[in-house]
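Below is one structure, written out as structure tokens, with a few remarks after it.
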Amino acid sequence: MADDLPDQPGPRRMTQVFTDGMAGETPGVPLSYEVLESAALDALSPSAYDYVAGGAGSESTVDRNREAFGEYRLLPRMLRGVGERDLSTTVCGTELNHPVMLAPVGVQSIIHEGAERATARAASELDLGMVASSAASTTLEDIHAELGETPGWFQLYWSSDHELAESFVDRATEAGYEALVVTLDTPMLAWRERDMQRAYLPFLDRDGVANYFADPTFQSRVDGDVADNKRAAVEEFLEVFSDPTLTWDDFEWLCEYSDLPVVPKGVLHPGDAERAVEAGAAGVVVSNHGGRQVDGAVAAVEQLPAVVDAVGDEVDVLFDSGIRRGADALKALALGADAVLLGRPYVYGLALDGADGVREVCENFLADLDLGLGLLGCDDVDDLDESVLAG
Amino acid sequence: MADDLPDQPGPRRMTQVFTDGMAGETPGVPLSYEVLESAALDALSPSAYDYVAGGAGSESTVDRNREAFGEYRLLPRMLRGVGERDLSTTVCGTELNHPVMLAPVGVQSIIHEGAERATARAASELDLGMVASSAASTTLEDIHAELGETPGWFQLYWSSDHELAESFVDRATEAGYEALVVTLDTPMLAWRERDMQRAYLPFLDRDGVANYFADPTFQSRVDGDVADNKRAAVEEFLEVFSDPTLTWDDFEWLCEYSDLPVVPKGVLHPGDAERAVEAGAAGVVVSNHGGRQVDGAVAAVEQLPAVVDAVGDEVDVLFDSGIRRGADALKALALGADAVLLGRPYVYGLALDGADGVREVCENFLADLDLGLGLLGCDDVDDLDESVLAG
Amino acid sequence: MADDLPDQPGPRRMTQVFTDGMAGETPGVPLSYEVLESAALDALSPSAYDYVAGGAGSESTVDRNREAFGEYRLLPRMLRGVGERDLSTTVCGTELNHPVMLAPVGVQSIIHEGAERATARAASELDLGMVASSAASTTLEDIHAELGETPGWFQLYWSSDHELAESFVDRATEAGYEALVVTLDTPMLAWRERDMQRAYLPFLDRDGVANYFADPTFQSRVDGDVADNKRAAVEEFLEVFSDPTLTWDDFEWLCEYSDLPVVPKGVLHPGDAERAVEAGAAGVVVSNHGGRQVDGAVAAVEQLPAVVDAVGDEVDVLFDSGIRRGADALKALALGADAVLLGRPYVYGLALDGADGVREVCENFLADLDLGLGLLGCDDVDDLDESVLAG
Amino acid sequence: MADDLPDQPGPRRMTQVFTDGMAGETPGVPLSYEVLESAALDALSPSAYDYVAGGAGSESTVDRNREAFGEYRLLPRMLRGVGERDLSTTVCGTELNHPVMLAPVGVQSIIHEGAERATARAASELDLGMVASSAASTTLEDIHAELGETPGWFQLYWSSDHELAESFVDRATEAGYEALVVTLDTPMLAWRERDMQRAYLPFLDRDGVANYFADPTFQSRVDGDVADNKRAAVEEFLEVFSDPTLTWDDFEWLCEYSDLPVVPKGVLHPGDAERAVEAGAAGVVVSNHGGRQVDGAVAAVEQLPAVVDAVGDEVDVLFDSGIRRGADALKALALGADAVLLGRPYVYGLALDGADGVREVCENFLADLDLGLGLLGCDDVDDLDESVLAG
């Protein structure tokens, strides 16, 4: 085995694993998603695990997201010369080395003390794009500093205090984020039985409120200093966190207001995708929030083709909800997504080993994706289309 | 957290749970239906549990009811301004605060000593409509007294002694019930293997016969005083409980006789729905009796669209059989039901904590429903239709 | 409860169970088929259990038979006056009190010492038709004597010694059987992994050969007296048991030869059904031998409609393979069968309690069927048709 | 039981098993595939077991291969005279006694010390065709010597050193192989999580490299003697093992170069099958490498009909991936395959008992196939077509 690792993510990671293996070391972070999830269950507090793993209501949407991927099947082609695979792509104006970004996941301080900073460090090491969450335990400024040149997008929970929302947009622009992902599917917290059963809401312990507590607009809502009035500040946060009264007119206003491209997340209906594009969206993220908002909802991947049909010619379409392995990403890309968001897997990596855990999970994921692309007979992610799907 | 709870059922219940949580208390009645059911199994006598949880024959219909709900999937819409959701509706002339009523469940004395009175008290506290059962362990008059201003309907098992049936109708009218739900699907007791295996029939222990023993018409069938001849009275009850010879002509007669709106329960075939409406029904309840009558039967929800197509323009359609969570109710409403009946869940709440248990289960159910409605992008239950269903 | 049991099988059995229950007795033979099967597993020798419960190869056909029933769903009708249900019917000229016969099951001596005689006694007590097997452990003459006036049919494994086959036909006719069921699907023993794994073939222990050892034609094939040469006789039996060279011309010859109506068993393809009727068959039994012959075969019930379409206007169609409960029988009858054969359930009853066990299983089965018929809104088995099936 | 075993594989094996049984012996190698697999798990080292049993990624393709077989169902015909079944066929010019060959499986030294030699000996005893793997632990010359007159084909992993590939082709031709199976679906090793988790690659222990180490062209790539430089030789092997840059032009060149018929393996898309035939292929093997290459891929059997439609009139079509029992083979043959490759089952037999284990598994498989063919009503494998499939 050469000391110099190969260029492509697949052979590179395989070489590394077998080289380590000859030195007596095997991967510390499980390669199997199911084993990874189960190891994370052991590593996390029960509340934190349930918060991450759980979903709305019966969690049927979480399950359905996975099941629906199983219903699409890849149809590989042979002898197409796949010695070098090009995984790079450009999405909503951002150049990405891989058709994958880390999904916005909040309150990472409940997962690992390194929190979002550790995640951003791993992203930066792999030059893997990351979407930072409004509900991060680290400020968006700090996260971006950790990312450095690696592409970062900012995810916005649109506060019922619209000045606060504006402030978040301004800060994200200032910090250097390249796009604004606006979450549409969370006008209210959903009915998540696991969290309710434990009466557990991480914000109550002041996790996931860094962006708020650091914000002058937010601070002005709290009597006295936020640091001295944490309980009141948390209550204020819960008060302003989301706005169920929002309409497409508000979204249109935001598209005009923002200098960054605006990408709504949580779109499932093609009519909503069309409305978003009409309002000025630079792309859409097809997502059902990983099954965390509407119990009994359609799998996100089932709606992907219809959304691509509706707006895929005009804007980029990202996909989120249910991506666990390379095959899932390949299917989503084949169905017309331009990139996918990876969520729970990297969070479990974070739980097991901080930044190193995130990096290892992502290296495995990208290796799997790279090899799968080649084995499908394709040498460029931009060429993937329905012709590699059976039936 | 404010001391004043919010108005809407979802935010109200969430606020309550998290406020209690900060005081160190977590919900006593499990939020997850599956955990609730399993807890009830521990709380109840084996016979009582089997009586409630069981179904006809192989119980394939019980299972199919659940499975069929899984085949419908919700398709949420975004940014539609859902700050206030209107859950109220009017069904067969009765004004309801929620598109939900407590299903008629008999013999509740085997579940909890508070029996139907406890259930009615919880219903009254939530102003949640209730359908009282002919086979209650408490008289219909007592149940109605407990309900107070909360809407109550009376469910009729049509006795083979037609004078007795008339007497029940008269008493229900007198007591202040607003509609008469006539169960069509139980002309005979079904083959319930769990109960037969235990040779358990709650009536034999004089549960579920309060309405009969208190009725002058019934009393006149028993030699001497009912209280002194309980065994004979029970045998008499079994003799007259149902009438397998009934036809639609009898039903037509009842519609003419009754001053209350008559709502047949157990309709699955659209032709039966049409016949019912022709005969004077004010609505129909699509139901397979929770899988307790015909083993191998179609899921009730599968028949809902056809029944709505057949009679939905003329009368209100209620749905029963398989409702466990808010998502189930939303699907049934989207398929055209005007309200749903909730059964096993509240009975398990009753098992665990009497009236408080029923109330807690119902609060959770309504919270889940309220939030789900909003997250679907809908602010009025009356607006739900097939457009929120995928595929 | 009256001492006189009601007439109809459903109310009769229920009354009996609850009356016994009040005296402190619960049913000794499990009502649930799954529990019954599991109890039989404990009661039988492992070899005998595997012989009965097993199937060909992976046993996928056994499973598929059950699964396919689940795909049909009953659609009950209401208020049709079902106070008295007529379960009687006439099949291939035989008048039956129920649309059910006991399926031919051989070698019952491995199940219970009473063997086929016990089964016949139970059949006779219930006046339930029985098909006696060629491979019985009791002679066909003894079985018929036990049946008395209860209808009996004889099942023929067509020996490669055609004179022996003729002798069986002659003896069955002489003994008073009313029809000849010719099994077509067993020209060779199938690859049954359970039996092969144990190297277990009941015939090797001289079970299931009574009809052969008692037959003069068979005896003449064995040197000396059969009783003195049992090993040789068994080898001779295996030699002549079946004939894989048979064709439809042979079947045509049999129809001419036999004075009894000839009913081929094992028909799955409508073309084979047509050929059978053309050759003179008085009916056909749709069956895949309970999944014991062809691994990976279509469920018998899936082929029933096509066979009924092909020949149902000309001859009676019986159904076998997968009947476990009343609902299965109702579905088969609704799909056009004129009667069904009940197999494994009664054998498990035999295992648990001899003739009494068979009777109890059958009483339960008929009760379930009778009540199910009424709850479907039907008062005569001859009226069942596809209108009681959904979809 | 006669000492002379019957001719046909089914009756022959059954007779043997029951004869052994009477002598107190039962089959040592489990007949049930599931039990066999589980026994092999105990017999093998965890790494070896995982290497054989595992698949790509989530192993969804391994599972789907099996599931898809379950979706096809056999529809047997009766009374067609099946006393003698002809299992012989000719595939790509090779005369075979059975429509089955042993699939190419490499590195058998990790399974049993007898390795490919033991497998070849068993194949030779049964006159069952075998495809020898490039990655064998025994040279292709030694394997062919063991096969003797039994048909052997050679499977080629096309090395990135094209002279080495030529050398393999030359050696296979010289050794007497009758066809060249070129594996198309492995231009790169796939992401196999089990092996990666253990950092286990059998080649690193110098298993599966016999053909390479013995090859002059390969030897010339290693400094000094291969035996003295094993580590370097293994690294060289990994370097040249496969060639992801290959295209159909290379394949066309090979067809011209080779004197043996060339049969590409790993074809799933009918377009690839057409391209292969156009390039000179003598047949194609429909395969997804037993689910070991592309996670989430279509089941191989699902693609079989389309490939047969595309090229079945011009060349022979073999099937591989998911064959476990006779019923699977019958389905594949009915869907148009001319022969099937048997993989994991015989490897588990090898694990349990070397050559004897392979022979016993294959005898069972062929017995099951032979009986199944007859019970379908067919006496010649060449006559199997879609008419024996339901639906």
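Residue numbering begins at 1 within each chain, and the chains themselves are lettered A, B, C and D in the order written.
Criterion: a residue touches a chain if its C-beta (ideal position, glycine included) is under 8 Å from a C-beta of that chain, and two chains touch if they have at least 3 such contacts.
Please read all numbers here as calculations on a predicted model, not as lab measurements.
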Proportion of interface numbers common to chain C and chain D (over half same, under half different): different
Copy-to-copy rotation for chain B and chain C - C-alpha atoms, rounded to a multiple of 5°: 90
Most remote chain, CA-based centroid, reference being chain B: D
Distance from the mean Cα position of chain D to that of chain A, given in whole angstrom: 42
Chain A and chain C, separation of their C-alpha mean positions in angstrom: 60
Residues of chain C engaged with two or more neighbouring chains: none
Pairwise touch network: line, ring, star, complete, or other: ring
Full enumeration of touching chain pairs: A-B, A-D, B-C, C-D
Partner chain C, residues of chain D touching it in the complex: 1, 10-11, 14, 17-18, 20-22, 25-27, 30-35, 69-70, 72-83, 324-328, 330-331, 364, 367-368, 371-372, 374-376, 390-391
Partner chain C, residues of chain B touching it in the complex: 57-58, 60, 64, 184-185, 187-191, 193, 196-201, 204, 235, 238, 243-248, 250-251, 264, 266-269, 271-272, 275, 288, 293-299, 302-303
